[in-house]
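Should a chain be cited, it is by its letter among A, B, C and D, assigned in written order, with residues numbered from 1 in that chain.
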Amino acid sequence: MRIAVQEQPFDLGAESDVFAAAATGMGAVVTFTGVVRDVDGGLEAMEIEHYPGMTESAIRKIAEDARDRWSLGDVLVIHRYGRLAPGERIMMVATAAPHRKDAFEAAEFLMDYLKSRAPFWKKEITRAGEGWVAARCEDEDALKRW
Amino acid sequence: MRIAVQEQPFDLGAESDVFAAAATGMGAVVTFTGVVRDVDGGLEAMEIEHYPGMTESAIRKIAEDARDRWSLGDVLVIHRYGRLAPGERIMMVATAAPHRKDAFEAAEFLMDYLKSRAPFWKKEITRAGEGWVAARCEDEDALKRW
Amino acid sequence: MDVLYFAWVRERIGLPKERVETGAATVSELVEELSAREERYAAAFADISALRVALDQELSDFDAPLAGVREVAFFPPMTGG
Amino acid sequence: MDVLYFAWVRERIGLPKERVETGAATVSELVEELSAREERYAAAFADISALRVALDQELSDFDAPLAGVREVAFFPPMTGG
């Protein structure tokens, strides 16, 4: 299990390759990558603030919960903070499991919890000004299925 | 949309990178990779037979169905045939979508349909002999949720 | 028409493809005709519920008419992914 | 104890972290005490339902006791992923 909270970019291809290669005996590998989206046009940057100290332990707890709930060979979570441009990759998770159902469900669980329970906050910087991204009810609701 | 049915290995890292880089404006990228598993020990090879001509068109139809059902930016399916050793990667799918829910659901849909509706057949070669992998009821049942 | 066999159907019948001249109106009639030929066909087609059929490379069923069909394929349930 | 503020709570109060000497028994009492200090605190804590609190880096709630706590953090709902 590897948890990385970092400012610098990560290499999606290399991370995927290394993760899949290390997951011996697993039949299924799922990755999710989140990318900064310029929804309305005019986004100059996304600033991601986090709570050093708490961030890594909160993510580790979420990943351990996933390992308790599903049969998993391995889990990877990488999450960036700092200033990101549109199109940059914010974060990724990867799961390896004997079967595809476990790998998919665990990856979705990780994403749902990272969205609403890991101490990150996003601020959008646009030409018109800047504003904090509000938490969405549907993200909170997504936790109810687990 | 790219569909590849091929005997040679694919490069998971490079494919993931190229796919994610091309998916401009998408917030979520999901990949699934299937790996040959030696469940009981003693597996020497997995031989994958397919129906040339039908295979690619069947996969294309499944991918088009996914694009009709979810808001997707792009879809990738790579599936190998021929003789594979344990640990080798059999296939991958990738989906890109504005939101994570669509990317995840579409990837699971693709996998469920590829399992039971794309003309591939797997034979396990073990030290003790060889046998065709039987379709599993739960794979057929998995289609019912869509 | 061309008749194709895959996986254990191919192994049981002993060939991947053959040319068949038939007046069969449906897939079921073609199966009966082939099964009557030789024991290896009868063995392959013994349990139709364990088989799938594609007509001109599209999944179909055993009641389907064969009129205009150029390629019929018989195989067990698929195991992709 | 150390009190930390993140995102718009930090911006509204105007600092990321401060040392607070308090006799408050619960998070709610601490919030009342801070709100009474200055308008910027009152503004930040005006709607408690829009805030979250962590005690010693674990998510908690506003009824929780502060006994033994070394670090309290206030922030809006998280938006990771």
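Just so it is clear, a contact is a pair of C-beta atoms (placed from the backbone, for glycine too) under 8 Å apart; a residue touches a chain by one contact, two chains touch by 3 or more.
Owing to the predicted nature of the structure, the values given are computational and were not obtained by experimental measurement.
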Neighbouring chains shared between chain A and chain D, ordered by label: none
Roughly how far is chain A from chain C, centre to centre by C-alpha average, rounded to an integer in Å? 48
Please compute the C-alpha centroid of chain A, do the same for chain B, then give the distance between them in whole Å. 23
Averaging only over C-alpha atoms, locate the centres of chain C and chain D and give their separation in whole Å. 72
In chain A, residues with contacts to at least two other chains: 34, 100, 111
For chain C, which residues are shared contacts with two or more other chains? 81
Could you list each pair of chains that touch one another? A-B, A-D, B-C
Given the complex with chain B, which residues does chain C contribute to the contact? 4, 6-8, 54, 57-59, 73, 75-81
Can you list the chain A residues touching chain B in their complex? 11-14, 16-17, 20, 23-38, 87, 89, 98, 100-101, 103-104, 107-108, 111
Give every residue of chain A touching chain D within the complex, in rising order. 34, 49, 51, 53-54, 57-58, 79, 90-91, 111, 114-123, 132-135, 139-140
